[in-house]
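Going by the order they are written in, the chains are A, B and C; count residues from 1 in each one.
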Amino acid sequence: MPINWDTTSDGDAMGEELIELMRELYPLPRSLTGDGVRQTLAVLGRDLPLEIVEVPSGEVVFDWEVPREWTMRGGWIEGPDGTRVVDFADSTLHVLGYSTPVEATLSLDALREHVFTHPSDPELVPYRTSYWEERWGFCMSRSRLESLAPGDYHVVIDSTLADGSLTYGEMRIPGTSDAEFLLSTYVCHPALANDNLSGVVLLWALARALLQQELVYTYRLVWGPGTLGPLCWLARNRETLDRVQHGLAISCAGDPGPLRYKRSRRGDREVDRAATLVLRDRAGSLVSGWSPLGGDERQYCSPGFDLPVGTFSRTPHGLFPEYHSSADNLELVTAAALGDSFRAALEIVDVVETNGSYRNRSPYGEPRLGKRGLYQSVPDGTYPEAPLLWVLSLSDGSHDLLAIAERSGLPYRAIREAAATLQVHGLLERAP
Amino acid sequence: MPINWDTTSDGDAMGEELIELMRELYPLPRSLTGDGVRQTLAVLGRDLPLEIVEVPSGEVVFDWEVPREWTMRGGWIEGPDGTRVVDFADSTLHVLGYSTPVEATLSLDALREHVFTHPSDPELVPYRTSYWEERWGFCMSRSRLESLAPGDYHVVIDSTLADGSLTYGEMRIPGTSDAEFLLSTYVCHPALANDNLSGVVLLWALARALLQQELVYTYRLVWGPGTLGPLCWLARNRETLDRVQHGLAISCAGDPGPLRYKRSRRGDREVDRAATLVLRDRAGSLVSGWSPLGGDERQYCSPGFDLPVGTFSRTPHGLFPEYHSSADNLELVTAAALGDSFRAALEIVDVVETNGSYRNRSPYGEPRLGKRGLYQSVPDGTYPEAPLLWVLSLSDGSHDLLAIAERSGLPYRAIREAAATLQVHGLLERAP
Amino acid sequence: MPINWDTTSDGDAMGEELIELMRELYPLPRSLTGDGVRQTLAVLGRDLPLEIVEVPSGEVVFDWEVPREWTMRGGWIEGPDGTRVVDFADSTLHVLGYSTPVEATLSLDALREHVFTHPSDPELVPYRTSYWEERWGFCMSRSRLESLAPGDYHVVIDSTLADGSLTYGEMRIPGTSDAEFLLSTYVCHPALANDNLSGVVLLWALARALLQQELVYTYRLVWGPGTLGPLCWLARNRETLDRVQHGLAISCAGDPGPLRYKRSRRGDREVDRAATLVLRDRAGSLVSGWSPLGGDERQYCSPGFDLPVGTFSRTPHGLFPEYHSSADNLELVTAAALGDSFRAALEIVDVVETNGSYRNRSPYGEPRLGKRGLYQSVPDGTYPEAPLLWVLSLSDGSHDLLAIAERSGLPYRAIREAAATLQVHGLLERAP
């Protein structure tokens, strides 16, 4: 069904609301597992009927295994003069993700072995993790590191790595059909705003909007840790994956850069065409072909599943200078960008919900639109009838509305509305 | 068969002749129906064996119905001082097409309700009609309208709307095959030169030239009122429409702008390829994809018929500033442009008449052209043999001559002549 | 098998060696037939197991016939003052190729009828032949011709046209498969360096390099006179031509212009894709579509044979100003260009030798590269894993490695090495 925009927040209002939500979520200590993810999902679940799924440590998921759960209580470095050099309480970036516990006193040289700095910018704290190799470490700016005086440093990481579970949240919004539209984003990054609190809150906004709509497709929404989250979801839904007819992996949706869509692995699925069309009419947008470098789409589009999942973002991972650093903070994202992402994603949903093939019921010559009140009786050289004429011309059962919008260069919505008008007047019928 | 250019007027001479003919046709009161069309066809029929078809008012034609016939005897506005403000006798544009009769005296304000002016240029008289809604009106320049003093205006439109018929002219030039090439243009516009007296006279020129040729295809030529003319022709020829293998809807062929070809609805028919190739070699020409906005092609290419009919023009409807106004007069068209349109259209005919697939009879290695006098014995680095080599290389039964011209970049005529030469030397045979 | 670059001369060293070889071959009196070709092949055969094939005069080869053999012992023009105007001993270009013998005294005007000059440059001696029409002639610069004083000129061409044979050299380097890769060049041009001593020596270099390799394909190398050489080879190998799965016609490979590849007649054969990919990653290279104008590819790609043979060159025939003149001398070619051609040709061989389709054995989700030591444990934003991920993503049995390199934009070698790595780790298997 068409999106009912009257029941939908406009982009600006939604953008402001999402910025507020990001502020609340920003300090929570998210990681691949642990309470930071649970707290994040709890916040989202205040407004949404989220189902929380716990996948136990040690469970084999395709080629992977769910790791032990990481519980992080605190961590800091205390300098020779007793002051704290860095503290997890100030920023969740300061401790290497999945650090093993440590309490020790080291020389500056020995400490350096455990400190990660940003590869290019001396003032930024990098975001680093070590999920699969046991170690401990701190992240700080290179200038801070270089300012440290020789002496004894006391380091504390009060963490636990123990059997527990990996947590993801999911939600199902039923439509009239069992066919599914999958929307997915990742929740494992700590204090990084564009990558990917922006995706987390955008999916929350889409969930709220979709709950207000009459829908054809059944929507499956997933907030999980990157890589393993989608893999766990795929494993638990393997029997019904053939229902997934469209999907978007959402991330990095809040920076002021242009919208970007990366095609699914096959590249010509309906969601690819829908997103390409929506972005065509938003100046400056970019559409790229499939690449196996990226986020959750790596799992959904792996050749065994090969799901029709595209990637929806603004400036994606690695392409903005603040990427994976303390500069990817709340100043990087804007309400306007979030609102624009929200509207564009809903427009893609609108296309997929309403696309279809029709048949012109009066195909011999152009039907007389004038007698139906669909034509200006005194032509003035403009063509308000253009969408009607395009739909009539190409509705031969082999062009769907998307194809008509593609070929005519007209906005999808004009084509969809023309088709609805022609149906009302008995000039168009759904193709079998 | 190839066009025999020796029996064909050259472009310049034909252009001058067409300008003369346009001068004669310009004042005739053409409309959707009525004697203006009959008089126009009578002039064309002086030199051509035209068949005149009358379709009675009330006849249902697909989704349409032939309207009452409009007979227009005169019309004017007389001002408070007794002078005529506008008079149909000065220009057929001054009365709204299909005006109902009226004789009345009105205030200037009341008169304004019935006056149409040009949307952008205050000095131009617009061309307006009201075929399907009964009303009366006049067209004049906005500056003239604004110069009128208050007072009583006497208006007269001496017209009749009564059962009669819609008139079109057609002509059949038989070829050796029943397969048909349809050429069509519209005759319903009154004193507008480029749109479309130019098309009317160009089709007349093509008819005269084709009558001199030996032809493979049977040519069907139609001069009818826009929209309903083609629909009537389609209705009367419905049983044999599968014979139509190529077609051109001709219009706006006399202005000095570049040639334009708009592809048929499917876009890849033989006439599309032929026209695209002919225009490729005429610098500045433009080829565009199908659009359902336009002229007679809207009917021929409607999805129920889907005939292979392209649109041949110079600057088309709506894209020249003089469009549908008193500025589309005889000064807008040139003999050179008409002559160029004439030659280009015949070149398209030449391609379609002679295109075909051949087989190289000496396909193992390059045949020795030199021993057949087809190769320079002392090569000098130029390649007069290029067309021969291209035809030999690609004549494998799956490339027609058009494809060879497309792929080689060589003019079609060079390819066609090379094929003829190779046939003479036994090196090429028609593919089965 | 991959080219083992360790056993292969680097481009620079090979380039220098090829320049030396060209110096030796330059003065030999090559033509369509005769001892100049035999001497040339003898030089090449010092280092290679060349097989020399003699095809007798009069043998019918498809549409052609092997002509009489031309033996050239000397020729000159002596002026009125007894000095030699031109002498074959100074340059093999001075006598029209295939000149009949003559000894005569002529006036300057009569002599002019037998003198060929360069069409544009007054200082260059052109290269001209008259294989198929009996005549005699000399080639000289126009300035030299114009400087001649009136008087009696004594001309001598001491040649024989008599039954003999046409000579070509060939070589077979067996691989593990009967499927063949054909490499061909022409040896009929006398003192012209780029066109085509460069091709002659490049093929010699490739032969030497291929002899050092373990190969899948069986390589067939042919050095023959233009046109008739390939035709004779095709006639003698007609029964096994279906073994030829890839081929390159090599010429003009020594000038400093960019590499050029001209596609085979069909345009989409594996060798076309391989060469296009190799040239894609060599800045400035040019790839063009098929044209039947050219060299030996005219025979291999004639429609009856339609072999998958592309054309490999730097600046090809006719496109460099020195073409077919005394300016196409040893100063035109460079060791760097020859070395680059050598490396690029071997890279094409490397692609074809190693290309194939694979299947991801862990296709459900991305396999965990980290546990196999294939992933950085602390990601830093660069993607050394990109080739691995691309191969995993597209190895579904329907993309060969070439397609993965094409679609990823990554160099073929990175893709090939990634595939090998993944096979070692059990993540990839050859598609059936």
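Methods note: contacts are C-beta pairs under 8 Å (C-beta built on N, C-alpha and C of every residue); 3 or more make two chains touch, one makes a residue touch a chain.
Here the structure is a predicted model, which means the values were calculated and not measured.
S.K.: Compare the two sides of the chain A and chain C interface and say whether they are made mostly of the same residue numbers, over half shared, or of different ones.
M.R.: Because under half of the interface numbers appear in both copies, chain C and chain A meet with different residues.
S.K.: Since chain A and chain B are copies of the same chain sequence, what is the angle of the rotation superposing the Cα atoms of one on the other, rounded to the nearest 5°?
M.R.: 120
S.K.: Could you work out how far the Cα centre of chain A sits from that of chain C, in whole Å?
M.R.: Each chain reduced to its C-alpha mean, chain A and chain C end up 53 Å apart.
S.K.: Which chain A residues touch at least two other chains?
M.R.: Residue numbers touching two or more other chains: none in chain A.
S.K.: Name, in rising order, each residue of chain A that touches chain B in their complex.
M.R.: Interface residues on the chain A side: 360, 362-368, 370-371, 377-381, 383, 386, 389-390, 392-396, 407-408.
S.K.: If you look only at chain A, which of its residues touch chain C in the complex?
M.R.: 61-64, 116, 119, 128-130, 132-133, 227, 230-231, 234, 265, 289-293, 298-299, 301-306, 318, 323-324
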